[in-house]
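Structures follow.
The same subunit A turns up in both complexes below, where it pairs with subunit B and then with subunit C.
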Partner chain A sequence: MADTFTPGLRARRLANRARQVRANPALWIGAILLVVFGYLIAAPMLEIATGSARVQDGDARRAGADIGTWTAYYWHRLVASPLAETLLYTPLRNTLVISAVYSVIAMVMGVGLAFLMVKTDLPFKRAISVAILVPYIVPSWTVALAWTTLFGNDRVGIGAPGVVMSLTGWTTPDWLAYGPVPIIAVMAFNYYAFSYLLTVGALSTIDRGLEESAQLHGASERTIARRITLPLILPALGSAFVLTFAEGIGSFGPAAILGIPVRYDVLATSLYQSAAIGRFGEAYVLTLLLIVMAAVTIYANTLLIGRRRSFTTLTGKGGSARVIPLGRWRMPLLVLVLAFVGIAAVLPIVLLIWQSLQLRIGDYSLSNLSLAYWIGEVDGLRGILVDPRVQSAAWNSLRLGLMVAVLTALTGILVGYVVVNRRGTWLARGVEQLAFVPYVIPGIAFGAIYLTMFAQPIGPLPSLYGTLWILVLAASVNRLPFASRTGVSAMMQISPSLEEAATLHGAGLGTRMRRILLPLSKKGFLAGFVLSFISTIKDLSLVILLVTPSTNVLTALTFGYIELGRRQFADAISVVIVIIVLGATWGVQWATRTDPLQGFGDTRT
Partner chain B sequence: MKRTALTAMTLVMASTVAGHAQQDCETDHDDWLRSAEMGPYQPETEDWDAIMAAAQDEPGLTIYSSTSRVLDVVDQMNAEWGVEMEALNLSTNELIERVRREWDAGLRNVGLVNNGNPGQMYEALVQRCALVNYIPRELQERIPEAETLPLLRHRYSVGTWYYNSPDDTVPYDNIWDLTTEDFRNRVVVRDPLESGTMMEVFTAFVMNADALEVLYEENFGEPIELTTQSAGYEFWKRMLDNDVRIVAGSRDVAQTVTEADGVMVGLSTQSAYRNVIEGIYDFNLDTEVAPTVLTMRLMGVGMETDSPNQAKLMVRHLMSQEGGSPWWGADFPVDPTIEPTGEMADLTLDSFATLWEPKVEDQIAVRDEFIDFYLANR
Partner chain C sequence: MSRILLEGVTKRFGDHLAVDALDMEIPSGAFFSLLGPSGCGKTTLMRLIAGFETLDAGRIVIGDRVVADARNLTHIPPAQRGLGMVFQSYALWPHMSVRDNVLFGLRTRKVAKADQTARLHDTLETVQLGDLGDRFPSELSGGQQQRVALARELITDPAVLMLDEPLSNLDAQLRQDMRLELRRLHARTGRSFVYVTHDQLEALSLSSLIMVMRAGKMEQIGAPDDIYADPQSLFVAEFLGHGKLNTFPNGPGVPLPLPGTARDRDVYLAIRPEDLEIADRADDWTRPAQVTAKLPMGSVQVLALSFPGDRTATLEAPRHTQLPDAGTEVLVRFSPRRLMAFDPATGQRLAFTGPRDRHLKSV
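Up next, the complex of A and B:
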C-alpha cells in the first residue's frame, strides 16, 4: 500500500498499465464486453427484481398504494393470498411434474438411441443420424399443433375431431387430447436430442481399451455396460437430465396449445397470461421464480460434472468406438428405430400439411381438400403465400435469424478470445459468467424484461419498442450462453503462439482476427451460426411479447392465427418455418461438408 | 329497452368522469391544442378545405386499430388524398399497453386510435392525456354528448348468444337454464383474458346482478342462494362449474357451435353472424331470450401528433356513410343518420329484446375484482 503515496511510482505503474492494455486487446475487449453484458444482462435482472416490489402502472387501486411505491402486494398475492394456489402453486406443481417426467422419458429415448447409434452395428446409421435430429429443429409448438390434429376430440377446446377420431369413430379421451400427458409427450419428442447428443459425445470419447481389457478378462457385454460404460457416461447423463429439465421449466409453446384449453397452467403460461392482461407486477414475480428455479437446476449440473462446464466433445475418436454386433436383433431394432424416427420426425409435418389443406377443420374427406389457406382467400384473409403480411413476417424472420446468428457468433468468438487469453483473471471469469446468465432466464421472461427496459429511451439509445432491434437484442442475448461456449472451445484449440508470431510481425488485431483467429475457428463459428439461426427462427416464447405488426415474425403470426381460431393458416406457416430451418441446416451442411448439428454437444454448456 | 334511454342515464356520470382529466390535459398541452385547433380551440365552424390543405404538408398519420379493416381504408384514402398514413392492427389489450408505453417513453407516434375496452382506454390513455377527444362539429349536432364521452364512439357491437339446436328454436327459456345439467359442456365462450371485448361482456353480468336475480327467481321459482358476492358472479361461477368451454378466438366459438352434434350455445360478438349469411358457418342468433351486452369502439386523436389534420380527416371519414361502410351492417353506427348496409342490414340494436349497456366507471371498478374471481374459478 505504500506505493499509493509515491506519485512517481504510481504514474509509472499507470503508464505501464496503459501500455499493457494497448498491447493486449483481450483486456480492453473484455472490459467492453463486461460493460455491455452488465447493461444487457445484469441491469434487466435488477429491473425485474425491483419491478416485482413496486406498484405497477394501473395497479394503484388494487394495490392500495401510489404507482411506484414499494409494496409486498404482488409477492403476497402470489405466495400467501387466497389466489396463490391458482396463480402460483398449481402452475408450479404442474411445471415440476411436467419437467421431471418428460426429462426422464426424453433421457430414455435419447440414451437408448445414442447407444444403438454408437455402440452397435445398426444399419443405415448415417441416414438415421440425420433424421434423429429433425425433431430438435421442428418447433415444439408445431408438434403440439400436430398432436391436436391427431388426437383432438369433439368435447374439449374447439371441438374439432382429430384424425384418430374421424377415421376410427373412437372418441379420444380428454386426457389424451389436452393436458399434461400430451404436453409431456410432445416435449419429450422435441428435446430427446439433448440427451442423445450428449450421450453420443460421451460414448464416442470412451477409451475403447478400457472395454476391451474387460472383455479379455471374460466380462460379459452386460457387465461391461454396467461396470465400465455406464459409470463413464454417468456425468453426461446427469448433465443431460439437468439441462433437459431446465429447458422444460421455461417452455411455453406446448403448454400454451395443449394446456390453456383445459385450464392446465404451467408457470410459463401463467406468466404469459399475467402479462397479456397487463398485470406486470405478477409477471415479474413469476419471472424471478423461473430464474431462481433454472439457476438452482444449473447449479446442480455444475455440482454433478464438477467445475468443467465444457466437458463433452464430439471430436476425435468418434469412429473408433467399439461396436457390439446386434445379431438377430438387428432387423427388429432397425424397424423400431425407423418407426420412432417416422413418428418423431415425419408424422407431425405430414399432419400439419394435411390439416392446412382442409377447408373446414376436422373434415377428412377428399372433397374438403383445398389450397385456399395457401394461395386462395378465406373469410377476407389471403392465403399465406399471397399475403403481404406473411411475406413481411417471413422477411423479418429471416433478417432476425441472420442478424442474431452473425451477432452471436461474433460475440461468442470475442468472449472466447477474452476468456482464453485472460484465463484465471477476474475479467475472464466475469465475462464468462455473465455470458452464461441468460441460460437461466426463460425466453418468455426475457421478452418481458426487454419489453420494459427498451420501451423507454436509455442514454443514447432511443426507444427500441416496436423495432426489429429489440428482437435482435433479446434473441442475441438469449443465445449468448451457447455462442460463448462455442467461442471458448473454438479459441481453446488455437495456440497462442500463432497470434504472438503474427504480433511480432506487426499484425494488428484486425489482421490477426481476419487472418488467423476467424479462419481457424471457422467450424465452431459455423456451428454457432447455424444453431443461433435455427433457434431464433423457431423460437416462440422469446418473441411473443416483443413483436408488433410491423416487426411481426412467422412464429408470432402463427400464434396470432391460433388465437383467432384460424388453425389452417397457422399450420401452413408452421410448414414454411420447418422448410426454412431444414433448408438452412442442410444448406450449410452441404456447402461446408460438416454437420453443424454435431457442434451441438459443444454448445450446450 | 331502448339505447337512448340508457345513454341518457349515463350522461351525467360520464361527463364527470371525463371532465376532470380533460381540464388538466388541456392546460398541459395548451400550445399543441391551439395549433391543432382541437379541444377548447376547435372552431365553431370547421373549414374542411383548409384542413385538407394543411393535411397535405403533414408527415403522415399513424393509426392503431383493433380492426384490420382500417388497413384497407387507409390504402384507399392515401391514394385519394395524396397523403402517407399508415395503420397497424393490434389486439385491444396490446394496443392500450403499447400507446401507454410509448406515451410514457416520450414517443408521440400514434395519431389516431380506434379501439374497444372503454374502461381501460379511459383509465390508461385518456387520463394520461395520451388521447384527445375530437368530434367534428357537424357530428356534434347529430350525436348525443353522452355517446361522445370519454371518447367519440365509432360504432357499437354486441356480445350475444348463438345457438345450434335440432329444431332451430332457442334451446333455453331463461339464461339460467345454461347453468343446469342439460347444458353441461354445451356452452362455449371466448376467453375474457384473451379478449378485452369479452371482458366487457363478462363484467356486464356482474353490473346487472339485480336483473339476474329476478331472472333466477322467474326460472326456478325461488330466490337465489349466493355462494359469491352477487347473482352476477354466481352466474359465472355456475357456468364454470358446468364445464363451460373456453376458447381463444371468436371463430372458435362459431366453429364449435356449428360443428356440434345436438344442442350447443355460444357467447361471442354478433358480427360473426356474417359468416352464417356467407355460408361458412351455421348457427342462429338469439335476440329474444338471453340478455345482450352493448360494446363499443372508440376513437381518440393522439395528443401531440404531428399530423392532426390528417387525424381530423380520418375521423370524419370513418364516421361517414362511405368511410365506415366496411363496418355498417355487421356493426351498428353511432350516428343515427347512417343507413345500415350490407349482409346484416336488417339487424339493428333494436332487434335485441334485452340490451345491457355497461357504464365506463363500472367497468373500471369491476374489472380487477372480476379477473381475480375468474382466475380463481375457471
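Up next, the complex of A and C:
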C-alpha cells in the first residue's frame, strides 16, 4: 500500500479511470438513463404519493389547513366519509366487476380463436388472421362509439336511436345502450386479440411430439386437447388473463363513452372527472389506488411466468403445430368465425362511417345522407376535412406519434444495450426495473401525474403545460416498458462477441451502433417504432388531461365532440384515426414483410 | 517483439476468483495454448490480454508496452493492443458479406482502397476462400465461416492472434483439417498465437508451449511432450491423455517397492493405460491380475484388469498386439520408469529416484 504515496499516482489512476469509463459506453449511457428515468418516472411517483397527503391548491378552506401542509383530508374523504361510497367504493366495485367479467369473455374468445387458427384445418386462415387483429389496432373508444350507434335509444345518453331501434322499431333497453353490459362487451371485443396472440404463441411452441405420443397411446383429439395441450399452455393462459385484467383496471375510453352519460363510474373515469375539475388531492388517491392494483396483478403475473419457465424447458421448438382435421364441422365453424370477425372488425367501422354521414342523427333514411360533417358546415362548425382545428390536431397527432416512436425506439435500444452489456450489475437492474415501472401506471393516472408535475417549472425545465413536449414526454415514458422490452430482446439476440470483434478493429461507439448493432436489431427497432406510433396516435386516456387547444390531438378532439354531443364529427374523426393506424400497420407489414403486431403479444409477456 | 508478460494478473467476478495472481511469459512467435477444463479461467485470461476485461490486480505487458496495470488503472483499449481474435462463435457479422466482414478492420483503420483490394485478395487466398467474397456468413459451411473469421483477423496482420476454442463447433474430420491449417498459418505468418482450448489433443498437437490452468491458477507450463510425460500434479496427469489414468493408493493389493523419498510415506500412484504391460515372468514390479474384459477400440485395444483387493485398472495396447482374452490370469508390469507418485493430500508430484526423474531438481 506504499504505492499510494507515489507522487502523481492518484491523478494517474483518476485519469485512467475516466478513460475506462469513456471506453465503456454501457456504463455512462446507463448512468444517463438512470438519471433521466429517475426524473421522469421515480420523481412523479413520489409526487403522487406525497401529493395525496398534502393540501392542494384551492383546498385550504375545505381541508382546514394551509396549502402544502400534511393532511389526511383526501384519504379520509375517499375512504371513510359519507361521500366515500360514491367517490370510491362504487367505482372500485364497478372496476373490479367489469375487469373480471370482460377478462373471462375476452379469454374465451381469444383462446377459442387461437385453437381454431393454430390447431385446426380451418380454411382462409391467412385472411382471417389479419382481420382477427383489427379490433386490437382500432382504439377501444371507437368501438364504444359504434356500440351506441348500434344499440342507442332515444331515452339515455345522446338520446339518438341506434340502428337496431330505427330499423326494428324496438326500443332497446337502457342496460343495452349504456352502462356495464356494453362496456364489458366493447372491452372484450377490443382486447380478445391479446389473449389470442399469447395463446397462439404458446400453442405454436408446443413440441408436436408431446401430442403425437399421446395419439400413439390411443388418446382422442378431445383427450389430447384436455390432458396434454391445455395443461401445457395453462401458464400462458393464466398470464394472459392477469394482463387482460390489469388492462381493464385502467381502461378509460369505453367507460368514458358508455358510462359517464349514465353516471356509471369506474376508477379511471372518476379519476378523470376529479382531475378535470381540479380536485387533484382526490385524483392522487385514485391514481395511487390504480397503480397499486395494477402492480399487484402484474406481480401475480410474474409469479405465473416464473412457474411457466419450467414448462418451456419441457417444450421444444416443435416445428409446425399439429393440425386437427375439423371434418364436417369445418364449414359451420368457418361461418361462425367469419361472423365473429365481421362483428368485431368490420361492423364498428361501417357503423361509424354511416353515422358520420347522417345529417340528423338517428335518421337512417337515404335522404338523410350527407357529407356535411366531412366537408361541409353544420351549425357554424366546419366539416372535419376542412376545419383548421382538425387539421392542426391531425398534424399534432402525427408529430406526436412520430416523435414518441423515434424517442422510444431509440431509448429502447439504449436500455437493451445497457441491460445486456452490464448484465448482473445493479446498473442494469436499476435501468430495467425503472423502465418497467410505467407499465403499472394506467394512462389516465399518468396524465394526472404529468399534468401537475410539469405545470410548473422544475429544475432546468420550464413549465411544459401547453406545449406538445408534455405530451411527447408522457407518451414516451408511457411506452417505455414496451420499447425497452423490445430493445432488450433485440440486443439479447446479438452476441456480445459481434460487438467485441468490431471493438477489436478500432470501431468506436458510433460506428458500432451504425454498422453492427442497429442493422442487426433493425427488425425489433422497426416493430417497436410502429407499435409506439400506433399506440400514441390512438391513445385517449393519456392525452385527455394534458392537451390544450393549441396542442390538441385527434383523439382528444374526438372526445371533445362527444362531450358536446356532436356525434357525427366524432365519428368522422374516429374513422380518420382508424384509417391512420390500420394504414400504418399494414403499410409497414407490407413494406418490411414482418408483422409488427406480433410485438403486441411479445412485449407484454 | 510481441512477447506477452503477465505479472500477478488477477480477476474477480463477485466472489469468484477467475484468475488468481498469475505470472507467466508467452515468448514472441510461440504457439501458446491455454488448456484447462471449462470454468478454469482460460477464456477470462485471454479476454484480459485482449482488453475486454479489466484487471483487479497485476499488469500485462505486450512487447515493450504496458497495456494494463491495475495499480494506476492503465487500460489500453483492445483495438490499440495490436491483437487479433477469433471468437468461439466466430462473431461474423451476419448482415455483411464475407468481403465486408474481412475488410472491416482495414476500413476502420482507413487503409487506402487499392491496398485494401490487394490485401483482401491475398488473405482470402491464404485461407483458401478465394472466390467466396460475395457470400454471406449464413451461406457458408462451418469450416468456411471459421476461415472467414481467421481472414478477418489475419488481414490486419496482428502481432498476436488469439483463438478462443476455434474448433469446438466443427465436426471431427474438419477439426483435423483445421488443425493442420492452423499450424500452416502459424508457420507462414510467424506471429504469436494464443490458443484457448479444453481439448488436450488440440493443445498437444498444435502448441509449442502449453499452460495447464485450474481454478484460475497455473498448474503447469511447458512443451507438450514434457507436460504429457512429466505431469507435476495428479490434475495434469489426469487431464492429459486419452484413456482414463490408472490411480491407486500404494496399499494392499498392489504394494510396490518404491524407491527414494516415496518409500516411507503414503503415496498415490498413477500410471497411464498405455504404460502398463503384460509380463512373461514375475519380478518386483509385476502383480497378478485377472482380465475381466477385452475391448477393441479401433486403433487400440483395451484390457480391463482386476487386482486382488477389488482394485481395477485398464491397459491399452496397439491393435495388432496379441493380448490375452477375458477370464485369463495375467502378470501386469508397473514399469518404474513410467510410474508416477503423488502426494495424497495435495496432489503434487512426488520424486523417487529413477532414470526419468528430471523433475527431481525442481521438487
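The rule is simple: the second predicted complex is superposed on the first by the 571 of 605 C-alpha atoms of A that agree within 3 Å, B and C clash if a C-alpha of one lies under 4 Å from a C-alpha of the other, contacts with A are read in each partner's own complex, and residues count from 1 in each chain.
Following the convention adopted for this analysis, a contact is a pair of C-beta atoms (placed from the backbone, for glycine too) under 8 Å apart; a residue touches a chain by one contact, two chains touch by 3 or more.
All of these numbers come straight from a predicted model, not from anything done at the bench.
Novice: In the superposed arrangement, does A:G506 touch subunit B (first), subunit C (second), both or neither?
Specialist: Once the two structures are laid over each other on A, A:G506 reaches subunit C alone.
Novice: If you count the residues of subunit A that each partner touches, which comes out higher, subunit B or subunit C?
Specialist: B
Novice: Between subunit B (first) and subunit C (second), which does A:P388 come into contact with in this model arrangement: first, second, both, or neither?
Specialist: In the superposition, A:P388 touches no partner, neither subunit B nor subunit C.
Novice: Once the shared chain is lined up, is A:I516 touching subunit B (first), subunit C (second), both, or neither of them?
Specialist: So A:I516 only meets subunit C here.
Novice: By the touch definition at the top of the document, which applies to A:P261: first (subunit B), second (subunit C), both, or neither?
Specialist: first
Novice: After the superposition on A, what does A:G466 contact: first (subunit B), second (subunit C), both or neither?
Specialist: So A:G466 only meets subunit B here.
Novice: So, does A:I361 touch the first partner subunit B, the second partner subunit C, both, or neither?
Specialist: first
Novice: Going by the contact rule at the top, pick out the subunit A residues touching subunit B in the complex.
Specialist: 57-58, 61-62, 82-83, 86-87, 154-160, 260-261, 263, 273, 276-279, 361-362, 379, 451, 455-457, 463, 465-466, 548-550, 562-566
Novice: Please name which positions on subunit C make contact with subunit A in the complex.
Specialist: By the definition above, subunit C touches subunit A via 50, 52, 54, 71-75, 77-80, 83-85, 87-89, 91, 93-95, 104-105, 108-109, 152, 156.
Novice: Show me the residue ranges of subunit B that touch subunit A in the complex, using the header's touch definition.
Specialist: Interface residues on the subunit B side: 88-91, 93, 96-98, 100-102, 104-107, 109, 120, 123-124, 185, 188, 193-194, 245-256, 259-261, 275, 278, 280, 368, 371-372, 375-376, 378.
Novice: Which of the residues in subunit A come into contact with subunit C in the complex?
Specialist: 3, 9, 12-13, 16-17, 19-20, 23, 495, 497-498, 500-507, 511, 515-516, 519-520
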